[in-house]
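Two complexes come next, and they have one chain in common, chain A, joined by chain B in the first and chain C in the second.
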Partner chain A sequence: MRDDAAIVVQDVNRIYKVRGPKRRSDPQEVTALADVNLDVKRGELFGLLGPNGAGKTTLIKILATLLLPSSGTALVDGFDVVKEQKAIRRRISMVSGGETSGYGLLTVEENLWMFARLYGLDNKTAKERIDSMLKLMGLADRRRTKIADLSTGLRQKMNFIRGFISDPSVVFLDEPTLGLDVGAARDVRAFVEEWMDDRPDRTMVLTTHYMAEADELCDRIAIIDRGRIIACDTPENLKRSLKEETVFHLKVAPLGKRPEANEHRIEAVHGVRRVSTTEVNGHTEVTLILETEEALAGVIGHLEARGSNLLSLEKQEPSLEDVFVRMVGRSLSVDTSQRDE
Partner chain B sequence: MITSRLLDLPLLRRSDALRTFSIAAWLGWQIESNWADPLLFAVYAIARPVASVLILVVMYSVITEGATQEPIFAYIYLGNALYILVSQVITGTSWAVIDDREHYRTMKQLHTSPMDGYAYLMGRGVARLIIGTISVLIVVGVGLIAFDLPLYPLTINWGLFLLSTVLGILSLAAIGIMLGGATMMMARHFWSVGEAVAGSLYLFTGAIFPLDVLPAWIRPLGFVFPVTYWLELARRALLGDNVPRFETLAAFSNGQLLGILVLFTIGLLGLSILFYRWALHQAKERGMIDLETNY
Partner chain C sequence: MYTDNRAQGLTLFWQSIWARAYPRIFGMLRERSWMFFDTFLPLLGTLSYVFVYRAIQAPEEYIGFVVVGGAMTAFWLNMLWSMASQLYWDKDMGNLELYVVSPAPLPAILLGMAIGGLVNTTMRATAIIVVCSLLFAVPYEPGSLILLLMVFIVTMTALYGMGMLFASVFLASGREAWHMANLLQEPIYLASGFFFPVRALGFWFATFASILPLTLGLDAMRQLLFADAVTLRFLPVEVELGLLVVSSVVFISTAMLALAKLEERGRREGRLIERRR
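Take a look at the complex of A and B:
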């Protein structure tokens, strides 16, 4: 077992074969991961940040031994995800956000107990952990409630607890706050931080498409888009890479359709590096990454020429969202999943 | 909880397979015995099997004009009673895959834990085995009372009966697990694949009529399945001298049949372990472990 590396991913590719509705047609190939290389150090809280369809879940599933890579190798705690799955499964756990599954006819306590037992915990330890985690997550009064009678939010919480019962050395959290209300999401983030603080030798990989969550929690972040890792660094360094450039957030009257010709787009204005636009009820939000502040005048002139006008303007410290826009020229909220195409 | 203490034995803590098996059996029982309505349970475990045997009895009586004292009646009756276990064990084990994948959606959680997948399916079959056993006992009880089956506790060869039945059940579980494995690699599933297989075995394994009745070219099908040898041995053990001897198997002594049954069961178990591993690997290669059919 390597001492410093909890996860090593080398040249991993993953291709899904998808069959269309017509049985006879050849399967289409979807490349979910392309030449992914990563190292996660022991003790790190590592983030995978990318839009929907980027390949985050695919990578996590490979590391959690649910899916085989099409090529390449990956080690978790020093064990190979293809050849040493059992050894990996003793050390990991995985929780997916939005996961409301479970044996509905078992109580919260029974469900957790069952999984604790599958991990080989003895009764006493299992009971103690279940007790303390139920208290911590505010579920103690529901311990004898059948899962089927829990709200989806509480079921999600219970599943979250399940992921920590075995005190895993590597935890995979796939969009852990997906679908949770603000308060519950805060509980989850607080728990994650505390758990990692208390256990310096534990490792966590967390995927998210909420940049604020990645920024707040993660020691390091890999930005992933269309199956490729396009940057990997600490949140500070990622944001610092934008320091020489200037980031503005504009609200403007609706811009309408993106012009066909390149020279009519905002990108064509002198001094503009990157632009992303999002339609929000009744107006358009524009993220501008400029070489210098001086370029702003040109953009405002351009907007007026297109019959729009400025509603508000903010100069901001660059966020991870801006880093993403700078790198791929698209907002994080754009769904790049190929499923529906 | 007594069960939770039982499941905490040191042996179970050390062996993944035994631990998984015992937990899966516990889980299966929670699921199967969760009858909100005891009446439903009675219908399922008692009325249905009794009714299906009675239908057979009626048909038999019509054809033979009521000759329920003939040795062949007991032969058919017991074959059918024991056959309840066939569909219960095969569906019990194979159904768990569909149940976990489509209904409870716990495949991801189970298959990232250090459980033993093969032992898990075995364990999930236990509950239906228990329910099936209750049904068998009731059906046999009805046979004793209503049709005077020639079963005499002192002349029954209990050792042979129990041994062959255990082997038969193991081979059924192996078939069920192979079906479960096949289900894991399929995007679609046949809800009743277990029932279908159990149903077709019914014709080839001498449950209702001896293999002799089948055309010669179909008989080999019966010889391949351990179920055939189990049913033959179990009936010989139960009926002793009263058992009718049909040509196809009459030449084999009990010992020979038992030997064949042991070999076939071991072979089938080995095959099912290999097949399950292969199927799991395929499912992971195709990204189907946690697939839901409505994807």
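Take a look at the complex of A and C:
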């Protein structure tokens, strides 16, 4: 067992069999993870960044022993997720965004107490921890509220407390700020940072499709797309990989439908590396990654020739979003899940 | 964080039972109107049988049979179904995932679900016995109280095993299992001799129905409560008690194996994480 590795993932694949609406039809296979390799060091706050459908949740659930890999091996705290799930379950916890867990008729306090007991905490310790964490999360005045009466934000804060109440060695957070308002999301992030700062031997894996969140919180980030890890490094290094290139953000009059065709046309302009476009309230936002700044003139010329005038233009320090665009040629906000519903 | 050892394992088992029973018990107590319907609606089924037996002038012992049958079945069916049905809701709400991820043993969680349900079934059973005994002169002539208690508890234990077996099927399957369980409910009522002595259906049928701990338990309870029941009995009480002990052991050990196997299968097929979509 390697002491510095809290999580080791080797050649993990996961295939889902999905049945269509017709019972008879053969199940379709969806590859959610393909040859994933990762190491997370003890003490690290590790991020999995990728668009919807990238396979983040699948990887989390495999590490949390809820799902088996179709092939490959994964260790958490040195224990095998396939065979040593019992040992792993004593050491981990998991919180997902948009959770509907808990019992609506019980109060915040009661729900937390219940889960604390499932982790073997004695009554006194459970009550003390619930107390202090409710205060820390600013939920102390809601301790006797039935959780059915809580807002989404407060409920998610409660879920958060639940995830930390057992003082876990490895914590999995799957899109922890999903659906939260700005304030609640900020509180949650602050809590995460503080918890990790106070406990240098604990490890956290966090998934998100908000690049700012990953950038702000994570020591290292794996960028994942369509089941594959396409890069894994510190946020600084990932962004530095773009230093040679120049990133511009443009707002232009709507380019019309078929974004892929638009992107291809712009990419054909000399000196353009990657382009991604997103439609936002009546205009199109274009992220341009250029080999040199001079290529910008060509792009603007091309856009004007197509009758789409420039609304604004910004040169920016590269963000993780740009790193993603550079690597994948697509924006992080594009949903890539392949569910046939 | 803590380490492995037997004492801690037992503590965790014990704690998990009560933790999971808690929402069932207190959630219930907070919804008084449910409590009312839950207690008094099932009375109607038992009452209607009593009236039917009166109308057709069935032997008077049958009335006592129905009352005891109604009360015990309320208890015991709770053991049988509550785990599977709660597991179904827990899965849907996302609680099951959290239970599986936690170190709490699943058999303890399941037992907690069943025990949580005992509060309202106790009220239901009490209502049936009290109301019916007041309305009709039920000729109780209890024999050994100790045997009565033993039969009751051993039947519960066997049903816990059987209920756990059902619940484990839910872990690895989807909604279909839920519908199956609902469909099975009627035949089980019939086979267990809920409303009449099981012997009335013939020796071979009774033997077959004895796979259900409910059948033997009910037959033994009736013998212990009514002196006349001996003539209507299926097997002597001692034999029935022995068989119940055997079926407890068989059901619980099979259920433990099935639970482990089907959890594994659920993990492989992704059934633990799917929701109604």
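The definition used in the following text is that the second predicted complex is superposed on the first by the 329 of 341 C-alpha atoms of A that agree within 3 Å, B and C clash if a C-alpha of one lies under 4 Å from a C-alpha of the other, contacts with A are read in each partner's own complex, and residues count from 1 in each chain.
In the analysis below, contacts are C-beta pairs under 8 Å (C-beta built on N, C-alpha and C of every residue); 3 or more make two chains touch, one makes a residue touch a chain.
Model, not experiment: these values are computed from the prediction.
Novice: Report clash or fit for the pair chain B and chain C bound to chain A in the combined superposed model.
Specialist: Aligned on chain A, chain B and chain C clash with each other.
Novice: In the superposed arrangement, which partner chain does A:167 touch: chain B (first), chain C (second), both, or neither?
Specialist: In the superposed model, A:167 contacts chain C only, not chain B.
Novice: Which partner does A:115 reach: the first (chain B), the second (chain C), both, or neither?
Specialist: both
Novice: In the overlay, answer first, second, both or neither for which of chain B and chain C A:93 touches.
Specialist: In the superposition, A:93 contacts both chain B and chain C.
Novice: Could you look at A:238 and tell me whether it touches chain B, chain C, both or neither (first, second, both, neither)?
Specialist: neither
Novice: Once the structures are superposed on A, label A:64 by its partner contacts, choosing first (chain B), second (chain C), both or neither.
Specialist: After superposing on A, A:64 lies in contact with both chain B and chain C.
Novice: Is A:105 in contact with chain B, with chain C, with both, or with neither (first, second, both, neither)?
Specialist: Both partners, chain B and chain C.
Novice: What is the contact status of A:75 with respect to chain B (first) and chain C (second): first, second, both, or neither?
Specialist: The answer is neither, since A:75 touches no partner chain.
Novice: Counting contacts the way the document defines them, which residues of chain A are shared by the two interfaces, the one with chain B and the one with chain C?
Specialist: 16-17, 61, 64-68, 86, 89-90, 92-94, 96, 99, 101-103, 105-106, 110, 113-115, 117-120, 162, 166
Novice: So in the complex, which bits of chain C are touching chain A?
Specialist: Going by the criterion above, the answer is residues 1-2, 4, 8, 11-12, 15-16, 18-20, 22-23, 26-27, 30-31, 93-95, 97-104, 109, 264, 267-270, 272-273, 277.
Novice: Can you check the complex and tell me which residues of chain A touch chain C?
Specialist: Residues of chain A touching chain C: 16-17, 61, 64-68, 86-87, 89-94, 96, 99-103, 105-106, 110, 113-115, 117-120, 162, 166-169, 341.
Novice: Sort out for me which residues of chain A touch chain B in the complex.
Specialist: Contact set of chain A toward chain B: 16-17, 61, 64-68, 86, 89-90, 92-94, 96, 99, 101-106, 110, 113-115, 117-120, 122-123, 159, 162, 166.
Novice: Quick one: in the complex, what on chain B touches chain A?
Specialist: 4-5, 7-8, 13, 16, 19-20, 23, 26-27, 30-31, 34, 104-106, 108-115, 281, 284-287, 289-290
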